[in-house]
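Structure, as structure tokens:
Order as written gives the chain letters A, B, C and D; numbering starts at 1 within each chain.
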Amino acid sequence: MRSSGRWVPLVAVILLVGLLGTTALGAEPIKVGLHAPLTGFAAADGLSVRQSVELAVKQVNDAGGINGRPIQLVVYDDRADAKEAVAVAYKLIEQDKVVAVVGGSYSAPMRAVAPIYQQAGIPMVAGFAVHPDITRAGDFVFRCGMLGPIEGAAAGEVAGNVLKAKTACQMTMDNDFGRALAEGFRKRAGELGFKILWESLYPLGEQDFTPYITKLKQLNPDVVFTSGYYNEAAQFCKQAKDLGLKAQILGEEGFDSPKFIEIAGKASEGVIIVTNLNRDDTRPVAKAFIEDYRRLYKMEPDMVGASNFDALLVIADALRRAGSTDPRAIRDAIAATKDLQGATGVIRRFNKLGESTKPIQVQIVKDGRFRYFAEVGDPAIITPPEK
Amino acid sequence: MGHDVEIDLDRGHRAVLLEMRRVSKQFHGVRALQDVTLSVRQGQVFGIVGPNGAGKTTLFNIVCGVYPPTGGSVFFQSRDITRLGSARTARMGIARTFQIVRSFPRMTVLDNVLVGCGHRVYGTLSGLVGTYNRQSVRDKAMDLLKLVGLDHAAGTLAGKLPIGLQRRMEVARALALDPRLLLLDEPCAGLTFGESEDLVGLVQRVRDGGVTVMIVEHNMGVVMSLCDEIAVLDFGVKIAQGPPLQISSNPRVIEAYLGKEA
Amino acid sequence: MFWQQLVNGVTMGGIYALVTLGLTMVYGVLRILHISHAGVFALGAYIGVVALRLSPNLVVVTLLAMLVCGLVGVLMQRWLYRPLLGSSRIVPLIASIGMFTLMEDLFRLAAGPYVLPLPVRVPFGLDEVTTSVVTGNQLVVLSSAVILLVLAWFVINHTRLGLAWKATEQDFETAAAFGVNVDRAVAMNFLLGSAIAGAAGVLVGFYYNSVYPTMGSVPAYKAMAIAVLGGLGNVWGTVIAALLIGIIEAFLVISPVGLFLPRDSIAFVALILVLLLRPYGLFGRR
Amino acid sequence: MGLYQVTIAITIGIYIILTMGLNIITGYTGQVSLGHAAFFGVGAYASAILSVRHGFPFWAALPVAIIATALVGAVLGAVSTRLREDSLAITTIGINFVVVSVFKYSSFFGGALGIGGIRYPSFFGHMLTKPEYLPVVAACVALGIWFDRRLVRSWLGLALRAVGQDEAAAESLGVDSPRFKIVAFMIGTAYAGAAGSLYAHFMSFISPQDFGFPMSISIISMAVFGGLGTLRGAILGSCVLGLAPEVFRPLVDYRNLMYGAMLLLMMRFMPQGLIGDGSVIWERIRSLFAARRLPGRADERGGV
């Protein structure tokens, strides 16, 4: 051990010079933090989030950054665990001194860190986490994605008015995401008057849906609204086709991933989902996101990535308008966001609670690709609660 | 299989400490003990002999309450202890050693003996919180270790001692219960002649201290020199009981041990 | 509807049996809770994905997976468990958990966090056969499970190796005393147990057409519960317990009880209830 | 000390209390519990419900949570007396799964959404901030250490270790092991209850998956990593494995890999744990002390 001791001071000097060197060249970077579940059960979503936000940063910096200053992204893995997310939050605030944060993780960690960012006065924009309490933490917390109940209500709207279903069943994934969606769907079904024959609850990570489908075949509803992430969704559709379930399968943003189509194969044909990424979107921002993503990462983008891509755009747009990196100014600028062109649609505005209002896209799988099917823009459904 | 009329040599001048009435025990159909009746008097060294698998250790385990008999009952100081668990029988004053030595390997020899000293406290709640390593208790434990010649090894971990020394520690640990009855399960197994001699001396000192001893042993030399009375078990049945001389000449005992003459 | 549910249950039971079989065999011989067995199960699925490049035929892919997983099992036993036999019971358990976490992350780093499909070609187009009660895929899983279980039954009950295992199970020293090469017997035990787990990995990867890094985590602990439920070390008790749990889950999940009791804890609830009545499991012995 | 360091210190303090509790159950009394996180959860939920729904202040919620958890622990203790080592280990896994699904399924426990709005303790009207919460946790850790030292020196501690090392021998010396196992579980789960309460008030929001089986694995890994059966091992193990995720954080993608590898190599090459009884490092430390200490001290009491 002793011999290497002599080298340590020398190496340290070289490193120091190196660091100083880089920052001196470009204008001082603006540090933005990112939470993402890069390992653990949610590693796939973590990778989509990280790749999409890094793409957004690249696009912003290529276009001259924020009045000449580049955005520097600081990413930490929270394994979708509340304890780790709290440690990540303080590290971002105190050590990395970020001016704003993209909340790209699941509901439990995001909910645990929202009050921390509120107290520290650092604006956070959550991507796809659906828990209602996240934005209730205070005025520094915003959300780009949809609220569970709103998305569920949109699915109810599609089932009732678009598909004219008379009977439906719900296959609800048993976590806060699944339950929030089921609640929205149930409420909308009540309003539109179609009957829910059966609501079943299945565990996260479930693979064998044959028992549930056998019962669904017996009940034979017009529509089955299923909540789940892309692996559960693909298993459900595949086994439903194998067992010959006739009902129209209606999914949600969890289905929205190329992996769903790849695994479900032929069984994904004709499945309709409510989501917020429209593949046939003609708007340049959405087109650029989809094409750049495919070119850079050689894989299809998904909703999880898109909603966090937008969260970064919201922060970048606010930084430009605020013209300063003072977190309080950034927060005010975010709150004043108006008709921002995002990959997931036009973000009209953020309400007092920090929830965004966006029309909800409805996609259908045709010849192995998501295509436009409908859009739910009725303010009665898509306007988030104010308090 | 009738059993011999019990010859009560002492005409009862010493009280009966332990009595087993028609005790039998079955393990999944195998009859380990069948209708065994015997009584041990205060201050005796009572030997139990018999070929392997005769049910000697089963008898010990029943007396100590490790498991209840399938039939019959056991009395200690004329109190029924048949269904009492091994912990409660131990606290009543029945101590034992094991055929295969069972020390607390990761505790020091001293701590091993101290576990025995706690018998007054284990039944209570308040007593449990007191510190166990008090001077008075440690002195008592050290005296016991001196008795078995292990006071020099008090600080070493029991697991590190050779088997012979662990067995001696087990005796000291059992004596820490201040027992009225001490059950020794093949204490001489694996010992050298000299070590067996020491053990005989030790048992005699224990007996002189007023402790009644029951001993299961194959080493007939030890049994003959130590025991006042001997019971012989064969296939779970008591085939003879009496003083050593009378037992060694009993034809049925010889037959059980050496098989029938051709 | 009843028959279809029964088939659903038996299919899941078959999969549980294949995963749990290796676990019980290993426990029988080494008395070790081999949690990284589920890592071997997932490894089998990943070998399946790699083997697809050589040949799309399910049988070829399964055999390759069995071979590799068997060897990995033997390596684990040699390198990890044998040196730890002396230490306290909990140490191999924690080492096995460390190994399992390590394997899951290695899969993620090697093959990415995403779910990979396993589009194998099934001989005689068995998977296209679909009747009202049994789907093609279920037929494939059931037939493979039967073949593998019969293979295991034959090895355990009718070969010298199986006899050696029974001897080693009773007591290491006495078995060695009677000329059983204990080391080789234990290694072969791991070989067969791990190979079957590898095959189960391919089967599950095919049945759900999905292979992903954490596919082993639920089977890991559910298989443990089933192994104990069947009586630790009792191979056939475990297979029966696996089928029972598969069937109970299929019927319980769609009943109102399903809303209170999540599927994955049914095995544990059953375990706790049985253990209170029979501390050694349904068919276990002292 | 920034809030980042305070957060880590509080988290490690909570881990130490959990690991000390498990060390009493598994380390001293030899009853393998792989479901300790369930009791961490019982303490957290008890404290959360008492403070959010019934307005209990932290100082009242903590003791009640400890007692409630100890009672639930007694039930597990009773179960453990009927089971043998391996089936007990698996059953504790089962209990972990079942307890978490009770939290997740019943609306009383807030279901999958968990419980939020758990207030920080207030001291004479002043609500503690996070840095001021650290001394509260530190005090609980100190109390836990003091109680452990008292326990190890008491007859109860001696009896527990006897049961842990040879149950039949302990029975033959008057120790009725079922009763003592239940007491061990009660004490160990009481520690977990305290940790749970501290965790709930620290995070101000708890959800079922915080108390799942992976958490139990972390706790037992810390105890075994430091050296099972020793207080010093529990403390060191909690610090090392508690800090590992932060130390490895820059290795963003390889964190889980390093954790698994560390556990595996540790168990493979140093089964006694870093500073457990009989471990190379501890022997060297002791020989260091022994050299300086007056030779001939009669005994070496149970693992410090």
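Everything below uses one rule, namely that a residue touches a chain if its C-beta (ideal position, glycine included) is under 8 Å from a C-beta of that chain, and two chains touch if they have at least 3 such contacts.
Because the structure is predicted, anything quoted here is derived from the model rather than measured.
Q: Chains in contact with subunit B and with subunit D: which ones?
A: Chains touching both subunit B and subunit D: none.
Q: In terms of CA centres, which chain lies closest to the overall middle?
A: Nearest to the common C-alpha centre lies chain D.
Q: Which chain's centre, taken as the mean of its Cα atoms, is farthest from the centre of subunit C?
A: B
Q: For subunit A and subunit D, what's the span in angstrom between their mean Cα positions?
A: Centre-to-centre distance between subunit A and subunit D: 36 Å.
Q: Based only on mean CA positions, could you tell me how far subunit B sits from subunit C in angstrom?
A: Chain centroid spacing, subunit B to subunit C, equals 48 Å.
Q: CA centre of subunit A versus CA centre of subunit B: separation in Å?
A: Going by mean C-alpha positions, subunit A sits 74 Å from subunit B.
Q: Return the residues of subunit D touching two or more other chains; collapse runs of consecutive numbers into ranges.
A: Touching at least two other chains: 104, 253, 256.
Q: Which subunit C residues touch at least two other chains?
A: Within subunit C, the residues that touch at least two other chains are 105, 259, 262, 264.
Q: So, with touch as defined above, which chain pairs make the list?
A: Here the touching pairs of chains are A-C, A-D, B-D, C-D.
Q: What does subunit D use to touch subunit B in their complex?
A: 150, 153-159, 161-162, 165-166, 168-177, 229, 277, 298-302
Q: Going by the contact rule set out above, which residues of subunit B touch subunit D in the complex?
A: 64, 66, 85-88, 90-91, 95-96, 98, 102-108, 110-111, 114-116, 118-119, 121-123, 127-133, 154-155, 173-174, 176-177
Q: Quick one: which bits of subunit D touch subunit C in the complex? Just the residue numbers, please.
A: Listed in rising order, the residues of subunit D that touch subunit C are 26, 32, 79, 82-87, 89-91, 93-95, 97-98, 101, 104-105, 213, 217, 220-221, 224-225, 228, 253-254, 256-257, 259-268, 271-272.
Q: What part of subunit A is in contact with subunit D in the complex they form?
A: 38-40, 75-77, 79, 81-84, 86-88, 90-91, 93-95, 108, 111-112, 115, 131, 133, 174-176, 178-179
Q: Which residues of subunit A touch subunit C in their complex?
A: Those residues of subunit A that touch subunit C are 39-41, 43-44, 46-47, 174, 200-203, 205-208, 210-212, 214-215, 217-218, 230-231, 234-235, 238-239, 242-244, 259, 262-263, 265.
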